[in-house]
Each structure stands twice: as C-alpha cells, then as structure tokens.
Amino acid sequence: MPVERGLKIATIGGGSSYTPEIIEGFIKRYAELPVKDLYLVDIEAGKWKLEIVGQLARRMVKEAGVDINIHLTLDRREAIKDADFVTTQFRVGLLEARIRDEKIPLRYNCIGQKTTGAGGMAKALRTIPVILDIAKDMAELAPDAWLINFTNPSGIITEAVSKYTDIKVLGLCNVPIVMEKMTAEILETAADKLRMDFVGLNHLVWGRAAYLNGENKINEVITKLASGNFRGVKNIPDYEWGTDLLNSVGMLPCPYHRYYYLTDLMLKEEIKAARNEGTRGEVVKKLEASLFELYKNEDLKVKPKELEERGGQYYSDAACDLISAIYNDKGTIHYVNVKNNGTVNCLPNDSVIERTSYVGKNGATPLNSDPLPSQIKGLLQVVNEYETLTIEAGVHGDYNAAFQALTIHPLVESSIVKDLLADIISENIDYLPQFKVNN
Amino acid sequence: MPVERGLKIATIGGGSSYTPEIIEGFIKRYAELPVKDLYLVDIEAGKWKLEIVGQLARRMVKEAGVDINIHLTLDRREAIKDADFVTTQFRVGLLEARIRDEKIPLRYNCIGQKTTGAGGMAKALRTIPVILDIAKDMAELAPDAWLINFTNPSGIITEAVSKYTDIKVLGLCNVPIVMEKMTAEILETAADKLRMDFVGLNHLVWGRAAYLNGENKINEVITKLASGNFRGVKNIPDYEWGTDLLNSVGMLPCPYHRYYYLTDLMLKEEIKAARNEGTRGEVVKKLEASLFELYKNEDLKVKPKELEERGGQYYSDAACDLISAIYNDKGTIHYVNVKNNGTVNCLPNDSVIERTSYVGKNGATPLNSDPLPSQIKGLLQVVNEYETLTIEAGVHGDYNAAFQALTIHPLVESSIVKDLLADIISENIDYLPQFKVNN
Amino acid sequence: MPVERGLKIATIGGGSSYTPEIIEGFIKRYAELPVKDLYLVDIEAGKWKLEIVGQLARRMVKEAGVDINIHLTLDRREAIKDADFVTTQFRVGLLEARIRDEKIPLRYNCIGQKTTGAGGMAKALRTIPVILDIAKDMAELAPDAWLINFTNPSGIITEAVSKYTDIKVLGLCNVPIVMEKMTAEILETAADKLRMDFVGLNHLVWGRAAYLNGENKINEVITKLASGNFRGVKNIPDYEWGTDLLNSVGMLPCPYHRYYYLTDLMLKEEIKAARNEGTRGEVVKKLEASLFELYKNEDLKVKPKELEERGGQYYSDAACDLISAIYNDKGTIHYVNVKNNGTVNCLPNDSVIERTSYVGKNGATPLNSDPLPSQIKGLLQVVNEYETLTIEAGVHGDYNAAFQALTIHPLVESSIVKDLLADIISENIDYLPQFKVNN
Amino acid sequence: MPVERGLKIATIGGGSSYTPEIIEGFIKRYAELPVKDLYLVDIEAGKWKLEIVGQLARRMVKEAGVDINIHLTLDRREAIKDADFVTTQFRVGLLEARIRDEKIPLRYNCIGQKTTGAGGMAKALRTIPVILDIAKDMAELAPDAWLINFTNPSGIITEAVSKYTDIKVLGLCNVPIVMEKMTAEILETAADKLRMDFVGLNHLVWGRAAYLNGENKINEVITKLASGNFRGVKNIPDYEWGTDLLNSVGMLPCPYHRYYYLTDLMLKEEIKAARNEGTRGEVVKKLEASLFELYKNEDLKVKPKELEERGGQYYSDAACDLISAIYNDKGTIHYVNVKNNGTVNCLPNDSVIERTSYVGKNGATPLNSDPLPSQIKGLLQVVNEYETLTIEAGVHGDYNAAFQALTIHPLVESSIVKDLLADIISENIDYLPQFKVNN
C-alpha cells in the first residue's frame, strides 16, 4: 500500500444519503486513519445527489478541521485508480428498483424485502454484473486495493466477487454490530466488553455466544430477550420472538430472522404498510427526499440527526473500524462477510459466510466455528444453496438457476415461482444484461 | 441364519389391510424364498382385523398350494423369537391418528399429510417409542434378524433404529419402484431394463439418472414428463409439475415433491377434500372397512383387485424382492433406506438416506453418489435436519427439538409452530410416553 | 456404441508379451463379447515384437475358430478411430526404463520397484505425457470409447486421465482378483462365491471384508494367513506378514504392502537379487526374450504355459470380464480404479481409488465405503498425496511437486531425495518432455 | 474464576529444573498477572529436587519483591483444589525413562527421540494414565480451572485429555515461539511485529505465513533460510534444510521436521552422540545435576544464565503470556494445541492441532486454516493417525493400536515394530498399568 502518497479511498455510490455517516466516521478516526483523498463516485442519474451530499461532505471536513480532499466524480476509473480501499454503497436501479423488489413478491402474497427472499434475489441479479465490472476495474487500476462491500445483499455480492475475481474483498453489514450493541444493553454492559460469536450468512446470522469477562452469557441474553423488550433494526417491524422459539434456537437470531421465524406476521405487516404509508422503500424514498433537502442547507456542517431515522445505524462505525483495522494492522475482532474455506464445515469452502474474524493488514481470517446444531444448520444450508444458485443466475444469466433459487428458498412458496420470476426479469430487464443475452 | 429349521418371518401390524399383498408376494416367490412360518402380529385393538386378514391369508396359501404356516398372535415376542426377518407395517394409534395428522395442520392452513411435514412428525413421535421397543425385543430374541421397516415415515423410523440400536435394519418404500415403473412406461421399455440412480431421503427422493442400455435417459424422461401425462401414486392428487420446474431440477422428482414444489395447490386440494369426501385418511378408513368386508368372504382365496385402490402398489414386490435378495445373497440393486456413511457427502454419516444400493446376504451397501447439485442439496439438507430433530424429539421427548423441527421444515410456516405443536402433543398424548415424562 | 459395425478394440502396447493372455481372454468370451476388430498398436521400437505376438494372436483366433480380425499397426490414430474400447498396456522406455526404475533407487538403499515408491514415480512421469496424448486422440477419434488402463502405476495414470481429460476411463490391476482367489483358497471355497470389499489405492489396497454366504470371513482369513502358507503374486518375494501385524491391521493387505510393512526385508531381497540373478526387470527381460522365441514357433496356436511365469495372472480375466460387464450392461461387481467422488470420505473427491464397484454399460459406480480405521487411513492419505504431487509433476513438469512427492513418500528416506530425483530426471530425460521444457 | 481469593496456580512436576523459568515469568508479569499462591507439586522421587528448586523460587520472588506464596507439596490434590490454572511439566519415569526412549529405538537403527517417533510414543504411553488421573482430580477439585499442558508429547497428551475428559485444556510448546523469533531475526524485525500462521501438529508444525505489516514474507524467509545460517532449538543438531527442500515445501518447517526431512543425518548424529557424549537425555541428565548444584547456592536469587543451555527457551514466555491472556481476557494471538473442530478440514474434528489461535478468558479459538497443500497434508494426516492410535493404546492398553501406531509412523521402518514394541513395553512396564491389565 503506497502510503507515502496518502490514503486514497473510492466510494462507489457516493451520492447516497448515507454518505454523511461515512464522512463522520472518517473524521472521527482521522488521527489513526488519515484519509487524504476521498472519491465519491456516482452515475449520471445520481449526479444531483452527489453534488448535494458532496458539498455537505466538504463542509463537514472543513468544519472538523481535517485535511481530507473530497473529490466528486462520475468517472469510476479515475476514482479507483491507485485507491487503497474501494467501498461500495451503490444501488443499481435506484430506489425505484427497491420498491419493485418489495412490491412484486407482494403480488403473490410473498415476502417482499430488499435483501431477503425474492426481492433480494432480484437485487442480486441487478447488482452482480456491476460489481464484477468494478472488480475488473480494480484488477486493472488498483490490484492491491481492498473492496469493502456494503451493497446488499452483501453476502451474495461479496461471494460473487470472491468466486469470480481475484480482488481482495470483504462484505460488511451493520446487523452484527447492532446485535452486539443490543446484547450489551440487555447485559447492562458496554459493547466493547463483549466478544460475540457470530456465525451464519449475511442477514441470516446467529449470535451463538456472547462472552462477557470470559463467560458465555447467551442464555441470559435469550432469557431476558424472551421476557421482554428487545428492539430490532429500524428497517424491520418489532415483533416478539416468543419464549419457546428463542429457547429452542438457543442463540440470538438476527432481526432478519423474523422473516423466517415469523413469516406470516411479517407478510401481513408488509401488506398493511404497502396499503398505507407505503413499503419501506417508498417510505425511504420520501425520507431521502427530505434528507437531501436538509443536506442542501449550507449551514449544515455536521451529520444531521435526521439521518438516524434512515436505518443503517453503525454502518459507518463498522466500515471505518474495519478499514482502520486493516490499515493499522490492528489484530482485532470484526464481524465480516468472508470466504468460508472450511470455517463452517457444513457449508462449501467457496461460500461467503458472516463470521467473527480476526483482522489485520493481511485481511480477515475467520475464527473457526464449532460444528453447528441442527436447528441452524439446515436453514443455513438451504439458504446457502439459494445464494449459490442466485450467483450462478446473476453471473451467467442462467434462468434454471434463478428458477431453482426461488424454488428452494424457504420464504417463497414454490407454485408462484414461474410467474414471480417472469415479473422480476421483465420489470428489471434494463438492469439484467446477462438475461438479455441468454434468453 | 438357521435355515435348517425353515425361514421364519414376523410381520408386526399383521392385521393391516395390506397383508394380502405381502402374502401374495411370498406365494409368488415361494420357490426361491421358502417361508416356513409367517407370524402376523397385532395388538388387542387390531385383533378383529388380524383374525379376518389372517384367515384370508390361510386361504391364499392353501389355494396356492404352498407350505407356509400362518400364525396369528398378539404376542410380539413369540413372533420375533428366532425370526429371520421382522417386517413392520404397524400404525400407532390406528387410522384415527392418521386422520388427526392430516387434520391438525389443516387448522393452520398447513399441509396435513401422513408422512410429510407436521403430520409426518406427529406420526414419527408416536412410532419411535414402539419401534425402539421392537428393536429391543429383537436384540434379545432374534439378534441376527433383519428388520425391514415399512412403517412411515419410513426414513425417520429407520434412522431412529439405526442411531439408537444395534439391530440390522433397512427401510423400504414403494415410491422408488413406482417411479421406476413410470420411467419405464415413459421410455416405453420394461422396468427391469432400467437402472435408476435414486438419491435423497424417503419421500424426498430424486431420480437422478435412468440408465437404459448404459445411457442416461433422464433428460428424455423429464422432457416427456413435462409435455404430458405422468401419473403419480394413488395417495397424491395428480398435478402437473410444469416444464420450467422439471427442466431446472434436471432430475425426476418423487410424487411427494408436489408438497414442496406445488405447496399451495396441494394445500387447496387437501382443504377441499377435507370439506368433501374427507381427508385421504378418512377415505382410506372407508376403503378399509369395505376391504375387510371383502376379506371376510370365505370364498375369497386370492388378493382381491380392490386392494389396488388402497395405494401402496408394489410394496409387496419391493419387500419380497429385498428379502429374497438378502436371503439368496443375490447381489442385485434395490432402492432402500440405509445409513448414509458418507454416500451423500453433504449429509451426516449417521443419517439414513434413500439410495440405490447393492444387496446381498450381508445387507445393503449404497452405491456412492456423486456430489449433489445445489437445487436438491439445500432442500435435502434442511429436511434432513428436520428429521434429525424429530428423532431427538421422538427418542428423548425433547420439546425444543420438536419445536425447531417444525420451525425449519419448509412446509410449516413458523409463526404457527407453537400452537400446532401444542395440538399435536395434547391430542396424541396417549401415544407419546416420552412427552408425558418430560413435560 | 455403434455395435452394428462390430465391436472394435484397440490395444496400445499390443506388442507386449502379455498379449496372448488378452487374446485368450477374448477367445474364451467370444460368445458374450464378440470382438470383431482387435487393433494391436505399438511403436517403431516394438515393431518386431508386435509382428511376432501378432502372428501368434492370429494363429490363436484361427485355432479357436472365432471371427476376430487382428490388425497390427504402428498408427495409433487408425487403431483408436471409432474404437469401443481402448486398452493400454504400453511401457514408455521399454524394459530398459523399468530396470532403471529398479536400479536408481537401490543406489540410495531405497526400494526400487516398478510401481511403488521412487521407481513408480519415475514410471508415472514418463507415462503421463503419453497417456494424455492417447486421451487427446480418443477425444477426437473415439469420444464415446472407454479407456481401460493397465499401464502402471495404474492408479496414478488413471487419475491423471481422470483429472486432465474428459475421457471415460477405468484403471485395472490384477492384484484384487489375485487376492480374491487366494482368499477363496484360504476359505476353501470358489472365488465366485466370495464378495470382497476392497478399498484403497492401486497397489495399496486392503481387503476389508470377504463375504461368504453373507458372512464377513475376513478374521478367519487373517487368522489362517497368519498361521501359514499364503502365496503372493509372482513379482514379489513371499515373506510372511507376521501374526501381530495381520491382527493389528485387521484386514487383508495386498502383496505390495510388503514394501510398506516389511520394508527392510524387501530392500535386502532386492539388493541381493540385483547382485545375483538381476532385478525383477532384468529377469523379466530374459523371460521375455525366451517368450518371444517361443511365440515365433508357428506351431504354437494357444497361449503357452510359460507365460504364467511372467506375472500378471488373471490380468486378462479382470480386463475381459470388465469389458464384457460394460458391453453387456451386466450389473456385476468388479474391482477397479475409479474416481473417488466421496466414496472414501477421507480422500479428495478427485482422487482415483481402487474399490469394489458396480459395473454396467454406464461404467463403474464404486460401492460406498464405511469410514476407514486409523491404521489404513493415515497410510492411504499420505500415499494419496504422493500420487497427487506425482501427477502434478507429471503433467506440468513441476520439479517442486516431484521433490515433495518423494519427500513425503513413506518408502523414500528424505535426505536422498535431491540426488535421487536428479538421477531419475537426467537418466529418463528422453522420456520427460515436460521436464525439458520447464527446467 | 474466584479472583477475590487471589490467583492460585498449581504446577505439576514443580521440581523440574525448568521451574526457575516459570518463576521468572510470573515475576515479570506480576503487575498484570498477580499470582497469589503457586503450588509446586512433585512426587516422592522428586522431593529433593522440589526442595532445592522450591527454595530458589522463594528467594527469587523475595528478591523481586512480589507477593507470591510458593508452596512445596507432594499432595497433588491439595495443590489442585480451587486452582485457577494447573500447569503440567512432569516426566513420568524421570530422565531415566527419557534415556530409554532415546536408546531403545537406536538398537533398531531407528530415530530415538523424546517426542517424535517411537520414543515419543513410549513417553505418551507412560504419561496418558497420569494425565487422565490429574484431569480426574481437576474435575473433582477445580472443575473451572484451565489445564495448561507442557508435558511432552504435548499434542498427544492434550488430545488424550480433550478426548477423554471434560477438562478445559490447552497444550503448549515453545517451538512456534522459537520459530517466530527466528523469523523475526531473519526479517530483521521484532517478533511482536510479526503475525505467524502456524498450522500442524505439535512438533510437526509449519509456519505457513509470516505477516509483517500485512505482507506475507514467508517466501523471503525461506529464501534467506535456504541461503544461510538459521539456528534451531537447542535439543536438535543444526543441519541445513537444503534449498530444494525449502522451496518445494514453500513454508517454514519446524526444527523437529529434521527428523522427517533429514532422517538419516539425524539418525547418524544420534548414533554418534550415543557413542560419545551420550544421548541428549544423558547430556541433559548431567546438565540437570549441575543445574541443581547451582540452584542450591543460597546466594542465587535469580534464574541463572546456565538454564538457557537446557533447551526450552521461551517456554516460560509462552506459558505466562497464555495464562495472562486468559486471565485478562486479552483477545490476543497465541500458538497453542487446541481441538481441531474443523479448523484443518483434512484432519478429524476431535484431533488436537497446533494452530494460531485467538485467546481470551473463554479460552483459545483457532483461526480457521485454508485447505492445506499436498506436501504437508499427507504427512500431517499419517502422523495424526499415528497419534490417534497412540492415544487409543495409551488409554486402553490396546496392543494392536500401539503396533499399528508404530507401523504407520513415517520414522519407524515396519519390520522392526514387533521387537521394538516388545522392548518399549517390557522396559517401561512399571509405568504402563494399562498394559499390565490387558496383556
């Protein structure tokens, strides 16, 4: 890493409303992570957002008195060239596509969610061609750079890069860190006193252990959670798990497990929302509009409180801490999406898992996982095969793989697959070049 | 095997309406499989059926002119003592229990079926204590005997015996042989010219290859099946799979796959049937009543045609052929439920799988299976873990295991699990001693 | 397989002194295996042998009154074109090379043997480029043909073809069939009454079970063997195993295990032989010379008794039975070298193992193997990795792989590796094009 | 861990000449690791040494001004009761036994070494009954304590405890830390700037990567090592590896690899030493005598320089750092012997491996290891099976397991096994109660 010339970071999808989060993250860590050049990249359609959020970013660094050059560009290759880290937070097809991902499945009484189930598959199919393109640019222009992927479905996207390119890649999600903070609250301790054993796939991760002062407190966490008032991430309504479910799982489910464990309740909630305030995507769309209004205010020089409503808390912390752990060769524990390579024996070596990992300048090494108990093993395995099929479909435009991906997904009733998939492909066809070619 | 004293077979659940099938099977094979003593065993509640069917059996062997002694008894231990083969075709709780297995899930808009999903789990929970008892008797009274298990869910029951006893056991089902016959029809050839590669779990088995004269014709089978008129087993309504589904699976699904691939259609059909002619169990109950009326006729000396309506075609062929292959050390291929032991690498060694196996006097050795493709691997894995949990629940009365078994089952929507399981346990409690003790 | 035009077989290395064996095999099985055209192929240097043995072959078929056309050719491609089976029994570098394989290791007080250890590696390095060439011809000229490989080291050569080509290949060795015959003798029964469970690698295979009438008699075999007069294959001096060794292995070692279990005795024997009658290769060379003298006799019209001295008994039976089982879709058990694919869980999927397999027109499917006990597992694993490295060395001319292959081989003391390997490469360099290029 | 009452450590084999090392270690770390009570335990035969070294220990802590109570006792149970850590550095049969372990194999021209090969097996057989006894005491008297095992063969002993007891155990060896220090020297950096990727078994461990500032420098290490003057641990003569060996391994061998990679050279050295200055055990015996003379000196109040000659450098650092990492929940990397559990996929789950691990109060979690390359995989697997067999022999007195353990060990020529094993058992019979019972 040619540090002499200063640390260069390229953020693809830099026009995102989240960008002030990551700017704040870099500002807070400037002493240990002295970013010299931050390239915010977006596409033509996002140019106006890039301009607004980019100006805010500039005001923020100026206000903070740190020497970070904010570059705004539509030229991805310029941004990637010689970067040390490339972070991705882009959304192919913008919020409109997300809203489709939510609404198409609902037509079939099927969970419509941006990362889980049919909606997540649609998003993956749109995103895979773009991320492979980015990886290709990186191979050419910044072969030593790390790709830190936030783009959802984070595990699948990271796995596609891991399987089909030689780029150094890690996937990131705020779910584990959110779960850790909640665990800390439940145990009435500080998150940094905890060491969590997370294992699973992105958005299907379980907290298998919560070590506090060397003792695994997971049973206490479950008991307290079962009896009361745990609050999930902002994106997901806050249903109770139920004591029997929690006790029989024996570990901490992630918020997205509600789609698996409380399917009907979640579906009803989604249908109700769609009929009233709109899907989460539609709500976010309004929220984003008002955020960009806020961002335009030239007196705004810090991340506005309102951004917290947006979801994605701690994303910036997770990301900046990970980047700093790599940059500074810290040897600390992070919860990342990383190539399995036998860590979880019942999943293929080339799958990407979400796992407690040890991070230094050479990257993330997952801590080995003890063999999994049946109640999480089977679910993980079937969702993992769904992911494998989705990646095949996304990379090769393989209709059969897409068909089977939906068929075996636990949240998709099989008799709807043909029509559902037809809708997904036809309504996203502008973003699915791989399916244009093959079908 | 002390052949000198003549071949002894004990059939537990001998009062079943199926018994004439197996009697016919032994008669047809008498030359190669000279059964001397056939013990038909039943319990007090089944005594009247045992008497009727037992007398028919006696008339059948007399008519056929073969020297098989038919013993009718309620003393299971007498029947098992020194037996060469013990076959099981009993039903704990009789047809009433089966009808409950069908109806309880339907209350929750959930597939209600005697072997698949929640109903199958209930049946397994009732059956496991009894089969382990039988195995215990065998260990004491006939330690060298083979247990040939027909009792459903055949794979789970066989696995429980395999995991928790040292008895030699093989599980049997007519589904593979029915699929083979259909494949032969589709290819316009004879079944004995085919060699099928079956792999999976009982009632979740795929025909991965169909070798005719050395060539794998499975694609031709699928294409013809997709275009037309395949007929499933009698127990299951005859929906079309759909071309895309068949092509994307790339192998032959078993009839029970309809529950997984056409869930809603099957559910609607079940609901309709329950409201009209009754569940399959209720239909069978009437059918059985009329069968036993038929059996009473002293002029009836052969298996009546009407039995074919009952379902379970070829059961007798599958069973008698398997017993003969063992007895005669044949070295032929059979499709049986057998300990995995690495045959299917992505399933645990101690799981019982349904697999093309080589059979001789030393038992069945599964032919190794090539690694499975994603579309069947994930589904198999999650159902296998459901089975593992069900066995733990059945053996130890482990409520948490039962809860998670239903939670991860692809056919059970998770938010109903608590109530559904409460109904299953309370309404079957007379047959669930393991749950009486533990809860 | 275009049977209409008659069965065509190409035998590469047709000038071998073994050829009368295989001719006799085809003659004996003519009714079930009606070979129309048998192409005996050799190279210029073997032309004189091809002529002699080819004329004998013609006299043999004429005498037997079967209608097999014997073609003698140096044009390998003509022989392979449209063949149904290609069998390989060639020896790159002729007997001179074999003698080198025996003598070079002896310089270092290291076992010198044509298939096992350093000599076997040398032979593999010479043979791999040629077999891959043959496979390339087959892919072009006879893509549906089966390659039945006899060329030693049979397992390694078969694995090289399996890993680096798409040709249908099975490896064959007479060792299992010899062991089966001996087991039958020990049990005073006929070999066809036995069913053997062989597992391992070629020339490192164990008889794990010997089923006679359904009962595993392996302990009886071992006990009798330990107490007495078992005789090995002709190539290997006949040392006693010792009771403790046999009992602690608990299964039947193959004759080549003497190199592993009685290393020093074998080495001393080899050294003595080299000083006196010559190495086995040198003895064979003389034997072959006298065989070819015999073969020249125009009155000789059958396989001469003297050929039995040569070693390789039953090779012809093993080969012709296997070819007939494929051709006639027999569904019988054979002991072949076949892709592992999980059969033996503790070895990689892509390794070739020697295993009891079920054979029909679609090829050989290995019977699944129960997990291996420690005493054979570790030895198999290290030799398997030696084989893997040897194949890498043979295909890519990878010096490091060759160095480590010898280093980890249990029969090669590591400090001699550098010099030993230098000798092997330099003295075989005419047959090692892959090493000429790379080094 | 009841810290309120002060940290209690029990050291079994406390009369060892190494004890001043560990005392020094505790003194240096007193601030972070405030040991209150240190129990040095020995047996009657070691009482005189315990007295001498114990007095020195007391003088050392007094001189250092730290408040550690040194207890000297022959009552192991008193020492273990409520201990926080139990460390083991005992030697069953004293140095006399070690000398036998070295000399018996030499009779057969076989490597005689205290931990590797036949000598190591003998030591394991003697030690296993004692360590299981200690574990039993711990289960009763200090069930929450950690067993930190130094007793050799450290991996095998740790694995025996791990397989046959529920005690929390970690095995320790100074080899990895010695290799790390050397790597640091070679790279002209400080050891604490390096992060090593160690993988293997105790005394058969490879340095697969050496990360310096995020870059894997292992190739540079190997190149420099190949070209020059690396120095091994004191116990092992200092032969050169050779460039080709190092390059083809592609990673850093441990000093004990010389027995595998340079077998004959090591054997010759051992034979020469035995004839001259004596085996290493005999040398150590003299060294120890003079050390104890030194220790008696009441003016000696610190660890004497002469102890460094003894071998085992950094043992104390490895041990005290590990104990402190656990005690203080540090979350740091240590190189320990720990249950595999899938970390190294090609070894059984229940094997104990030596691996870079993440250590906190909850113990050591191995970092997952990427699949191993062939050159180390095969060797590891066969030695691992040797270890498995040795443990079975050690626990159950299983002669067959012992016989096969030696038979498959790469350093033991098989034809000597029977006599060698007879000598080992008969000459150690006083320490082999398990073999007295069974044979």
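Letters A, B, C and D name the chains as they come in the text, with residue numbers starting at 1 for each one.
By our rule, a contact is a pair of C-beta atoms (placed from the backbone, for glycine too) under 8 Å apart; a residue touches a chain by one contact, two chains touch by 3 or more.
All of these numbers come straight from a predicted model, not from anything done at the bench.
Student: Which chain pair shares more contacting C-beta pairs: B-C, or C-D?
Tutor: So, comparing the two chain pairs, more contacts are at C-D.
Student: With centres defined by CA atoms only, which chain is the most remote from subunit D?
Tutor: Following the centroid criterion, the farthest chain would be B.
Student: Measuring centre to centre with CA averages, how many angstrom lie between subunit B and subunit D?
Tutor: 55
Student: Just the number, please: Cα centre separation of subunit C and subunit D in whole Å.
Tutor: Computed value for the inter-centroid distance: 45 Å.
Student: What are the residues of subunit A that contact at least two other chains?
Tutor: Not one residue in subunit A touches at least two other chains.
Student: Go through the chains and record each pair that touches.
Tutor: By the stated definition, chains touch in these pairs: A-B, A-D, B-C, C-D.
Student: Spell out the part of subunit D that touches subunit A in their complex, as residue ranges.
Tutor: 1, 195, 209, 211, 213-216, 326, 329, 331-333, 341-345, 349, 358, 360-362, 365-371
Student: Within their complex, state which residues of subunit C touch subunit D.
Tutor: 242, 244-245, 247-250, 260-265, 346, 374-375, 377-379, 381-386, 388-389, 392, 399-401, 403-404, 407-408, 410, 413-418
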